[in-house]
Each structure stands twice: as structure tokens, then as C-alpha cells.
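I've put the structures underneath this note.
Each of the next two complexes has chain A plus one other chain: chain B in the first, chain C in the second.
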Partner chain A sequence: MKRDIKRFGLALAIAALCHSAAAADLKISALAADSTELDLFSPAADGAYIKSVDQSALKFPIAILEDRNGGFVVRLEGKKYYVNASDVVANNAYDVTAGCDNTFATELVGATRGIAGKGC
Partner chain B sequence: MHRLLFACAAAILLSGCETLGTTPRWMPMALNNDTPYLQQLTPEKAKAPSDDGDVQEDVRKMQSLGLGLVYHPELEQLLNDELQRIKDASGFAEVPGRVFILASPTMNALTTDEGNIYVPIGMLMDIQSMDEVDALLAHEFAHTVLSHTDTDMLKEIQKKGTAAYAMVNRLGMDAGNADSVARRIRNGVALYMATEKVISPTWSRTQETDADKLGVDFLVQAGRNVNGMTALLGRLDQWDKINAKLRENDKPKQSMLVAAASSQFAQNEWQALLIQAFDPIGQQVEDGIAQAGHTHLGPEERLNDVNEYVRAHYRKAARPAVDSKTWRKVAHSQKSKRLAQSVAQSHTAFRSVSQGKSSAASNALAKSRHRDVNGQTFYQLALATVAEDRGRSKEVLALADASAANAYPSYRLQVMAQQAKARQAGGKADSAELKALYEQFDVYGRPAEFYYDLIRLADTTDNVGLKVELAVRCQAAYFGDANACSSGQKQAEAKQETGLVDGLLGIFGK
Partner chain C sequence: MKRFWAYVLLIMAFAHLTLNYSPLGLSNRADKYLQDLFNTYAGSMVYGAPQEDITVLLLTDEALETHQRGHWPASYDFHGKVLNTLLHEKPRAVFIDFLWLSRRPEAPTHGPRDGDYLIKVLQRYRSAGIPVYLAWTPAVKQNWPELEQGLVRPVGAELDIDPVDFVSRTYPPTVDAGMQTPAFRIAQDLRPGLFPQKPTEPMDVFWGTSPNEKNKWMKAKKHETGLVDTALDGFSGVKTPVPFNTTLYVRDLLHQVAETREKVREQAAALMKDKIVLYGANLTGVNDLIFTPTRDILPGVYLHAMALDNLLHWGPEYKSALGSGLLANKWWHALWNLLIVLPVALLLALFHRRPGHDTPGGPEAGKAGEGAAKPARRSRLNLPWAWRTRTWALFDRHRVLGKLCIMLALACWFAVWGAVEFFYFNISAGTVAGYLAFLTLGFFLDKIGMVDWLIDSMFMRIRNACGRLARAPRRHQPRA
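== the complex of A and B ==
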């Protein structure tokens, strides 16, 4: 029993480590070519528009806390915001069949494993 | 050989596709970017629902294309609930059509004239949220609303492809194991056509961008995060690569077709070499046409266009939290993954049979055996294709029988069953059963690729009326192209007509 708990704890620790490592790897390096401002939205369920921040007020790289499939959650001046993926240059990738939980036709894809949505 | 023919048909048809379609009543003459597209439309003028019979016929036709459809009621329900949500929010609630899951390893959704949307199961495995799948459905639904759906071009391509393999079948009849070679060629072409039909874009570049933009409007109206479209378009580049690979792999093996032509027409080694020399030329021409026909904008261009549109109209619109949980629970369940994997393996098996690798096909299918998969038509069809290749008529009949009661049966399996029965009866089909099969042909929307099989079966009976009717209807369907409307019975005449040069013309030029 004790051994099982230890194993479970170890697995949990590895999973947490992997997750934080993946999240730490995700960064915004710049605004998209034609943007001069970054639009900030609430990361809550309603996703309301909050404000736009001028490029000069931003310090890159900005760590991405969460990849939300088309947008990112970031922390700016101590507050969490949701930003559009299309407004920024980031090192995320929209994974396809080579993804970690997708067993479909993996032999067809030569792409390297990227960082996809949640749980990957 | 048929690829060149296919390519020429595509070139002619593509060059004419600008004239396709008319402006529907709810659309202005032209859409402009100054206001959201949806505001420029008048949904109250939308067309009344199509005849339910047409919608059903469209589904049955797709059931018989390639490996047909996947039966996954939970996922299908979720997709249709989302489509209805988009329809209701957009004001186009009465526009007909449902979503179905294609048993295809391709990565491109397809919308037909009847408003039905067919999404390959692999795409659903890649999509990560309700917002992203809604973006896909919104885009496809936009094609319907904007009246882009005109499948004439695809029908033409299918007909020409069918004519090509009928021709090749006729050529192969003299060879030692002619029937099995002809069957393999037929399977190869059927697979290619199924892949091609899904991959080949039907729309012009403008139509594609318009559907993206109207899709964005639909997405916002439905209360989804507009970034679902960004995520979807972000995956396009890699999906395109998968499609390109599939297109290449599913091309019926040219060497097999060239070998059939060589054995039929070449009098000596020189002539055989001459025939084989056409292979790379055909390849080049077809590749060129494939490029020209690739009317989809590049993923980056599409993404830029959409981003510009979103900034212009929805910059400060709310970005509701994406719903990944609901989506993944159903679409990425163990059952869904198993089904997706078995589609890929069934496709591999189908391809292996057409390449004469029956054992490899069996191995691929053995990996898929599972209670979630065993009753699926696509799986039974792949098993039956292997059984047919091995001359196991009983097995084919048992599989056809088992699949008859499925939610999405395939006409292909019914045809295979009749062919198996005819083989068991020493090459003669039962006239009454063939008549019943022919009646089913109408129910399935008369998929062009089966004319040749039906005609061959009819030729083994003494039912003159059926023979004449099939020939007349086939001629009408092919606009007088007689190649696919006569069976191997006439091959002696065909041989007399065609020498080496005519044979080459028949293969590469007709």
C-alpha cells in the first residue's frame, strides 16, 4: 500500500514537472507584424474585453501560462489576461495527428511533436 | 493512364468552374468587407428545406463512397447539436443538412449540395475544443448559405475516373488471373476517387475566404470564441501535408496499369518500353493540374484574411472561455480513438489489397478487431475486400449480410455480394436478385462507379430488359462515353478496334 502511494506520488510529481516544463517553454516573443497594441480580455468564462496595451509598454518575452486553443493566458503587471493568438508571435504549434493523445494514422506524419491544447 | 484522363477532365472542368453557381435570394450581388457578411444577408429569404428524400439519397451515396461513414451516435449527435446551434444563431435555421463522420483518413471536410457536411474522423481527433469544431462547421455551413455547393465538377471527375477503370478492366481480361487484377485495379481507383473527392477543393479562392469570414460571423453569433477559427486554420498546413501524402499513396499503382497495357498491346520489348515511357509524362501532367486545381489559399493567407476581418469587426468582442472539456469527453473518448485508428487501418488494408498485398491487409485489419469496430460498415467492407481478393465468396456474403442492417450500409458491399453469388453459381448472376440490386441502385443515388459492375452482372443473365435499361442509363450518365457502359463481353471487338496506338490513346488520351 505504502509502495503504491509512493509510486502514485512519483507519477504525480513527474506529471506536474512535465506540465510546468511545457508551459514554461511557451512564450510570446513579439506582437504580430501588423499590430501596435495588444488587446487584453478577461481569462474568466465571459472573456470580456478589458483594455489594449501599447507595444511600448510590453516587455518580451512574455511567458504563456496556458494555451487555450487559439488564445493564451498571460500575466501582465501581476494580473492574468487572455490574449488572441493571432495578435502575437508565439512558439506554440497547432498539433495534428502526431500529437500525444492521438493514435490516428501516425505513420503518415513526419512532424515533430509540438505543444498542443490542454492535456497534451 | 487514367490519371492523365483524370487530369484532363479536371483541367477542363476547373477552367469552367468560375461560371458555377448563381446568386441566391438572400445574398447581395457582392459581399463587401465594410460590414460583417452576415449583416449583408437576409436570412428570411433563405430557401425552404430541400426534399428530405434528396438529403437521404445524398447520405446513402456517401455511404458507398470509399469506406463510407462511421457510425458513432454520440459524436454525431454532438456535432449536429452544434450545427443546429450555429443555424439558429445565424437566422438560417431552416437550411437543411446534417453532419456525418467520414471513414476516411483524409483531412478535409466536404459539404454537398443538399447541405450535408461530411467530416473525416481524423480531423475530429485533432480538433481540441467545441469552439474549434464550431469554426469548422460554421465554415462548411457558410459554403451552403453562400450557395457554393455545386458538386457537378466532382460528379464529372468521378464519371471520368470510372470510365478509365472500366477501360482498364477490359484490357486486363486476357491476362492469366485477369479477374483478380481487374478487381485490384478497380479497388485502387475506387480508393483514389474516394480520397480525391474529399481532398479536392470544390471552391474558388474567393469562395473559400468568404466562407471563412461568414464562418467567423456565425461563430460569434453562436456565442463561441472567434479564436476557434484561428486554431482551426493553424492546423491547416499540417493537414494539407497529410492530404498530399494520402493523395500520393492512394494513386492506383501506375505500374499495374502500365503492365496491363503492356501485356495487351506490346508486340515486343520496344513497344512495352514505349508504353511505360508514358508513365512519367502522365505523372507530370497530373501533378501540374493538381497544382493548378489547388484553389484553396495557403493557410497563412487565409489566417491573415480572417485576422484582418476579426480586427475590423470583432476586435473588442468577448472571447468566451473555450470549451475543451465537452469536446474531448466525446470526440477523444477511447471509442472515438479506436474508431479513428480502425479507419486508418481499414484504409491501409484497402490500399494493400489493391497492391496485391493481401496478407498485409489482413494484418492491418486484425489489429482493429474490437466490439466498437466489428459492426462498422467500413471495417466489414475492408474485410470483404480481402476475402474477395482471396476468392472467399462465403465470407464476402456473410459480411454483406451482417452489414445490411447497419445504420450506414454500403452499396459497394451489396454489389460485392452479388458478384460473390455469381461466382458461386459458375459465373451467372440471379436475375431476380440482380433486379433487386438494381432497385437499390436508385435508392443509393446511382453512384456512377457501379454502372460497370452492374452491367457486367447483367451480361451474365438473360434479362434483356435490364441490360438495355442499364446501358441506356449509363450512356446518359456518361454523356455518350461508351467505355464504362459495356462489359468485358465485348472485349474481342474492343481488341479488334484497338491496336497499339489506339490502345495508348484509349489509356492516355480518352
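== the complex of A and C ==
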């Protein structure tokens, strides 16, 4: 049992190392063609806008800490920020195996949307 | 001859009633229903492919789930992100079909307030010269005084729903307080010479039904009702089809997926570069849905997209209840309808047989050849009377076939004019039901002898009145 736990721990450590190594390879090399400043958002779930930084104040490449759906988490001046993927040029690999629902939600429901989630 | 013109006059009066009035709204309802059937089954032939210039950007549950943890209304910063991503693709114009009614939160102790980023993005749009149209109400104006400084162009996005069948069929040029609707304003702004005169007539939106190749990725809920079922039972059930207008989900805009960055750029450009983008939502529990004339349920933004598509497709000749040109006037329209009916009324009067009179096989025919002699004399003077007698004889030989031929000829006559009204005079629904009512009720009234009774009693009243008038002076004459 003890041996199994050790093995599991080792596997977890290796997985974590691989993940961080992969994220460390990701870099932002420039701003998008028509951008002159980089918009920075909170990396928290609300994604609130924090500030915009002029292109001249940025030093490229910028390491990507996390590749999220539609954006990246980066560290600037010691703080973590979220940036939109469309605002920057990065070396991320594109995943084309997305399995999304492409239907409409046009069922007429006799309830209004709840405060969170899919409501009802 | 007097009787002939009295007959024509009565038929025309009857036609005026059936064509221009709708007792209990039935005629109007039938017209609209036939208009919808025509749109559904002839839409692909009549309308063709969608406009390449229009793209609907749709916010769905998935995007809200990923970027807002499912919260609704979404934060203004989120809308800012979507619009900023869209700005990279250089659209030609953007219409935002959201009512920004939620109050902006108070500014935190440090950092910007929700909505500041949205203003920043809209300023970028202004700098890029891309017009942004926003669904506007007094509440939006109160929440967003900053937007009035030239950041957005306000438009009224109220829906016009038919109170009987709830179909969103009509799209007005302006709404309350003269504010223009999105489709009309965008069309006029982006194509300044499109309307020689300011449009005033509400549009009857004609729904495109051709498949859109760019929407192949979307899934539809199949609808089983075919033409035969509809012909037998009418419309039954509703469906959510793959929309006619090119569609892109916010989910895919924010998380663009392709093999390479170049391909992503290429696909994004094909959908958004230099396009008119209409940004709307399709969210569970947010019933911004419309019921289309083709009996589909779609997100509300598609009504604006389809109205804009109609305007770019037909320009000032968009379809409406009164049409365009000379006929776009209630009185001209009524007169025009009567002119269409006039030849029919003349023919009906010509071939009308008063029971027991002038019938080749009727009771007067055998009286010393009187019935046969009259038409023979007339035929030398006037060709139609001889023709009438021959046609009567023909109808007597082939009763059913003759009546069917008449019905078919009349139906064809009205169908041809219905098509002329639609294509040439841009009238959305010809007064088809009015014509049908005229035909069926007209035949019925004629069958029970109502028209003859009316003419007889009319003549009798005139004769009596004339007699009274003639006698009246005698009463005042002094006795000899």
C-alpha cells in the first residue's frame, strides 16, 4: 500500500514537472499587428480589467505561465495577469480536436435565468 | 344594358368590400398565412443566397460558462474583450444587440471600474473609423452617459410581433421618438445612396431559406413537416434550423482553433473582415427569441440580420404591405385592386344568366324562337353577345368542365397579378385571400340569386322613386 502511494506521488510529480516544462516553453513574442498596448486582466475567474501597458514598456519574449481558453496567464512586474490570445503573437500549438455543442438553445422555458450556471 | 352595368357595379362593390376590408381579421389572417407558406416553400427560389457582408456573432452558454462562470448579465469587461477581439479583424460596422441595463458598479478603491475597458475599446473603434450601433432605451442612456459622446450610434431594437400568431414579420424603419431601427440605420449609413427617399413603410421581412455553406458546421433540429403535410394540415410544430445568415460563436472568436496561426487569421478574415457584424445572444433562460414567418424559432438578433439582408438585397424595393412606387398609398392600392377585378366583373356580367332569362335551353327559348332570334340579331351588331350565346351553349354541354375552366382561369388571373404585385410592386402578401373570398362568396351569392335579387329590388326602388317624383307635381296642380 505504502509502495503504491509512493508510486502515485512520483507519477504526480512527473506530471506536474512535464506540465510546467510545457508551459515554460510558451512565449509571447509580440503584440498583435494592430495593437499598440497590451490589455491586462485579472487572472481570477471574473477576468476584470486591470490596466493597459504601452508596447514600449514591454520586453519580449514574455513567458506564458498558463494557457487558458482564449488567453494566457503571464507575469509582469512580479504580478500575474491574464491577456487575451488575440492581442498577442504566441507560439502556442493550436488544438483542433475541440468537441463543442453547435446547436441552438431555443427551448422556450417558463423560467428566467438564474444568477449563475445555466439557470432554471 | 342597364342590367349589365348594374351587375358590374354590384360585383365591383362586393370586390371592394372583400379586398379592402377584413371581417373579423379573417381575410388579413389568411393573407399572412399564405404569405408565410409562400416564404417557406418558395423562399429559396425567390430570394437566393445570403448577403456575404453580414455575420452574426452569437454569445452562447458555453462562452458564458467559460469566461463568466455562467453569470448573466455578463460583465461589461467581458463585452469589451469580445469587441476588442473583433476589432482585430477590422469589421465594417458592429451592431450590439444587448440592452446594457445593469448599473455599472461603483469604482473600487484602486483599479478601474467595470465598463471602463468597454469605453476604451469603443474609443478604439472610433479611432479606427468603425461605426458601432447599440440597442438603446432611456435606461441605457441613463446608465451610460459616456456613450453619447460619439462612441456609439443609438438604435431602437424593439420587436414588432403579430398579436395573433406571434410571428415577427414586420420590421419598422423607426420606433418610438423617431429612433431608427438597426437594419434601416446601418443600411442607410453604409450605403448612402440606397434610398432615394427616406423609407417610411414598415418592411415585411422575407426570410431566406437557402442553405448557407458557411454555416455547415452548425447542427439543426430537424423538422419533419413536408409540403404535402403542410398543404393538408397547415403549419404544425416549430423548428430551430441552421440559420440563413452567416454565424460565428463568441466561443470560437475568443478561442480560435485551426492547424496554424495563418489558418486562424484566414478563417477569421473570411468571417469578419469588412463585414457588418451583429453581436447578439442565445442563452438558456434568456428568451430573446423570435418566431419567424417560416415557423422557426431563432435568437432575436437574426431578425435584425435578416431585415438588413433584405435591405441590402432589395434596397428601396423591400417588401411591405403597401409596396413601393405608385401603389405605396392606401387609396391607390384600393383602386388598383378594383382594376384587377374589373375584367373579371365584366366577364361575369357578360356570361351571367338570370334564371329563366336568355337561356338557350331555358323557358323563353321555346317561345316562338324569341330566345334564339334575339342573340342572332345582336350577333350582327355586337360580336360579344354572339360569343356569349355560343359559350353558354358550350357550358350547357359541359357543365362541370366549363365551371372548372372558369375557376382555373380566374385563379390563374389572380395568381399572375399576385406575382406582379410581389415582384414589381413589392407588396409582401398579395390580397390573395381577398381574391379567394371574392371568388368563393361571389359564386355562392350568384348561385342563390342574391345579385339578381339585389338588382331587381334596386331597379324597383328606382322605378318607384321616379314614379313618385313624376306624380308629385300633379298633386300641387290646381283642379280644373
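To be clear about the criterion, the second predicted complex is superposed on the first by the 96 of 120 C-alpha atoms of A that agree within 3 Å, B and C clash if a C-alpha of one lies under 4 Å from a C-alpha of the other, contacts with A are read in each partner's own complex, and residues count from 1 in each chain.
Here, contacts are C-beta pairs under 8 Å (C-beta built on N, C-alpha and C of every residue); 3 or more make two chains touch, one makes a residue touch a chain.
If you're wondering where the values come from, they're calculated on a predicted model, not measured in any experiment.
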**Asked** What is the contact status of A:A44 with respect to chain B (first) and chain C (second): first, second, both, or neither?
**Response** first
**Item:** In the superposition, chain B vs chain C on chain A residues touched
**Value:** C
**Request:** Could you pull out which residues of chain A sit against chain B in one structure and against chain C in the other?
**Result:** 32, 39, 41, 45-49, 69-71, 84-86, 94-96, 101-105, 108-109, 111, 116-119
**Prompt:** What part of chain C is in contact with chain A in the complex they form?
**Reply:** 60-62, 65-72, 75, 77-78, 80-81, 84-85, 87-88, 90, 111-112, 114, 116-117, 120, 217-221, 240, 249, 251-252, 254-261, 264, 282-287, 289, 297-299
**Message:** Applying the document's contact rule, which stretches of chain A touch chain C when the two form their complex?
**Reply:** 32, 34-35, 39, 41, 45-52, 69-71, 84-87, 89, 94-96, 98, 100-109, 111-120
**Fill in**
Given the complex, residues on chain A that touch chain B span 32, 39, 41, 43-49, 68-71, 82, 84-86, 94-97, 99, 101-105, 108-109, 111, 116-119
**Prompt:** Where on chain B is chain A touching in the complex?
**Reply:** 105, 107, 121-122, 125-126, 128-129, 131-132, 225, 227-231, 234-235, 238-239, 241-242, 245-246, 303, 306-307, 310, 315-322, 324, 328, 332, 337, 340-341, 343-344
